[in-house]
Amino acid sequence: MDAKELIARRVAREIMPGMLVNLGIGLPSMVATYVPASLGVFFQAENGVIGLGARPPEGMEDRHLTDAGGGFVSAVPGAASIDSAMSFGLIRGGHLDMTVLGGLQVDEAGHLANWKVPGKMVPGMGGAMDLVTGAARVIVAMQHAAKGQSKIVPKLTLPLTALRRVDLVVTDLAVIEPGEGGLILRERAPGVSLDEIRAATDAALVIPGEVPEMTLAD
Amino acid sequence: MDAKELIARRVAREIMPGMLVNLGIGLPSMVATYVPASLGVFFQAENGVIGLGARPPEGMEDRHLTDAGGGFVSAVPGAASIDSAMSFGLIRGGHLDMTVLGGLQVDEAGHLANWKVPGKMVPGMGGAMDLVTGAARVIVAMQHAAKGQSKIVPKLTLPLTALRRVDLVVTDLAVIEPGEGGLILRERAPGVSLDEIRAATDAALVIPGEVPEMTLAD
Amino acid sequence: MKGALRPEAAAALIPEGASLMIGGFMAVGSPERLIDAIVARGVGGLTVIANDTAMPGKGIGKLISAGLVARVVASHIGLNPETQARMISGEIECELVPQGTLIERIRAGGMGLGGVLTPTGLATEVEDGKQVIEVEGKRFLLETPLRADFALIGAWQADYVGNLNYMLTAHNFNPIIALAGRTVIAEPDSIVPVGVIPPDAVKTPGVLVDHLLIRAA
Amino acid sequence: MKGALRPEAAAALIPEGASLMIGGFMAVGSPERLIDAIVARGVGGLTVIANDTAMPGKGIGKLISAGLVARVVASHIGLNPETQARMISGEIECELVPQGTLIERIRAGGMGLGGVLTPTGLATEVEDGKQVIEVEGKRFLLETPLRADFALIGAWQADYVGNLNYMLTAHNFNPIIALAGRTVIAEPDSIVPVGVIPPDAVKTPGVLVDHLLIRAA
């Protein structure tokens, strides 16, 4: 199992029956693969269908039905089309139960940077600022480090996405829960030691007496 | 022809092909009777259908289709259902070409009072404040006097409906156009003299050299 | 969506003093069976946020006549003399709001906005006590968001996951209050299998709806 | 609704330096034939207000590649390297706006609101230069309305009076920009007789639409 699959499987376990969930493009979109249809979860993409489904059968793709990355998708029974005002009304108004986004950095205050690298990458924030501001629960799904640099940092050095503290960070090494008192280490990836996590993390971690291994979705 | 029919027929002549028009309940709603279908006008009621039509045939009334007064109506071909946010978006956003409302008073500034008589009648403003604020053209259709009192007054004594100067006032005696310089007398009702209008009007009127008789819609 | 309830079970969710947004325009599009059940339960001190209070014997008018309402936020009460009388006697506190402002305040509450700026009501008594904010040289009233404990919706069709649609002038406040009630109860004319309402015909996504009323007997 | 135009006649309405709101999300729901006609006409100095600038060769990306765009107001330009390059070279001025804020600013412009208050962007660089307003103890950014000379819409069906509807994820910005363009031009996949789109299925009333594009050859 590679790092991305591990993260996606762990995030999938956060999803409860009947939730409305937004998955960002890239790694977060992999989470859907590990959520059983029996949960009755509705996936939303911010471009506008509640009830996104898997890629359609070959030859049945329709240009009116894509995800936020522009890839062809299907829709599940009970889906609903919405325009962008309604889409972000659901997001900003707290009707979205959960969003899973990628991250560039999370800091000890639980703040996320995920939309801009000054002087380098200026893609625009898209829906990220609204999602982090408004979703009932914000989960960051990202690799623990990039190019040998920890992405869990004492203080953001990249531009902030939103004032709101994210609810959970899931990486290939750990599950971290930002709280009033800092970043609490909740779980270890299978076979990863506390020392390995500490060594890979620039930020200070609050480490409880017991830090169990992650349980992953099938 | 009674006073109300006269007013409705004169207002009908203000309606141009293809307009979107809101008619208030009561006297203003009579205007539709005198607008030929060939004009392609769409009537809107603020409760939510663009393309209101006449009362349906006996036994075909449906409780899901009424005007703003709760009376049964029909819908013309090409009608569109809208919710209240869209309805008032059209009104406030200037997409409504014309509104015809009743009035309690209009004053020399062209201001309308039509929603409240303190200590007596407090029905609420309903859509009146939005309609007068937002419609591209506001026409007041009312009797010139009530209980022997002129409704065209120097200065409103009843609560203001909106800051916006109304565009035209049509009464059973006259057509009056409020402007920068005051209330301009544009037309006389058939057989009514300038002196009769002056005598029935508390407000000062600007009287041009020629004040023709009204032409009425069939 | 949690399932379909009998009217009396839905009414039992509503406590004394709750705030209710109720769909309908002169009772067109109002959830009549749900209102009847609330009247039967007799729970009082309610705040009603709605376009109007209909007329005696219809829609919200039944709650007014039953004496269950302590506060009304509406754009128009003129066709219900009982609301007027109870307002004058002080039994009902009444906040009158321009209709376009009322629906935007509800939408703002439901969509997580802190308010909207509208020109409607400027220089009238609606301005009293409100912030006036200038944008690009024009003055606007700041109107604040409204939410409620419950949104009570009259719909045309619902499907098994709670997707709703509406017919003709029975839309009115219904699709908007569906966003602004902490608990949303919908009374549809009919309940149809998933797929009968195509995605493009859904006006209120089922994810917003907590309970449906069971079909009428 | 004034009638149906050939794409070149529609493009001819658009002058140098015009502002265009264009529907579509990564070109899904964008009016491709109309965009092609604007590229063919070659009128420059355009302001484009849209969710994104698609990618080279698709939708708004074609206007970017043709060098016709002087200014972009969008939430995301990351999938079009040409927009990025032209922004960095200074050829295109770019205002990046959070997606939910962008759509509300357009809606406010179209619906006659002076602005909306949103929590999105607080304490980020989006806050720069904006009024912060406190409502009920919470802080919000005041976001101002957007309008444009033209709204260019991709629709699914239109009828003869200009009523429009949209399919699945091709709704996106289209129904909202229809309110905020001073001239509204819609490119439907098909044009059907009045009555084929029932009143409850209309998403954009024909009274908002000035011109349709004639059907594709």
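Residue numbering begins at 1 within each chain, and the chains themselves are lettered A, B, C and D in the order written.
As a working rule, a contact is a pair of C-beta atoms (placed from the backbone, for glycine too) under 8 Å apart; a residue touches a chain by one contact, two chains touch by 3 or more.
Note that this is a predicted model, so its numbers are computed, not measured.
Within the contact network of the assembly, the step distance from chain C to chain D comes to 1. Counted by C-beta pairs in contact, the busier of B-D and B-C is B-C.
The distance from the centre of chain A to the centre of chain B, each centre being the mean of the chain's C-alpha atoms, comes to 55 Å.
With centres taken as mean Cα positions, chain C sits 35 Å from chain A.
In whole angstrom, the spacing between the mean C-alpha positions of chain B and chain C is 29. Among all residues of chain A, those that touch two or more other chains are 49, 75, 81-82, 88-89, 91-92, 133-134.
Residue positions 104, 107, 112-113, 118-119, 166-168, 199-200 of chain D are each in touch with at least two other chains. Taken as a contact graph, the chains fit none of the simple arrangements: neither line, ring, star nor complete graph. Under the touch rule stated earlier, the contacting chain pairs are A-C, A-D, B-C, B-D, C-D.
Interface residues of chain B, counted against chain D in their complex, comprise 18, 20, 40, 42, 49-51, 75, 77-82, 88-95, 133-134. Listed in rising order, the residues of chain C touching chain A in the complex are 1, 107, 110-113, 159-161, 163, 179, 194-195, 199-200, 202, 205-208.
Residue ranges on chain D touching chain C, taken from their complex, read 104, 108, 112-119, 131, 133, 135-136, 138, 140, 142, 144-145, 165-168, 199-201. The touching residues of chain C, counted against chain B in their complex, run 25-29, 51-52, 55, 74-79, 84, 87, 96, 98-101, 103-104, 107, 118-126, 156, 166-176, 203. Residues 45-49, 62-70, 75, 81-85, 87-89, 91-92, 121-130, 133-134, 159-163 of chain A touch chain D in their complex.
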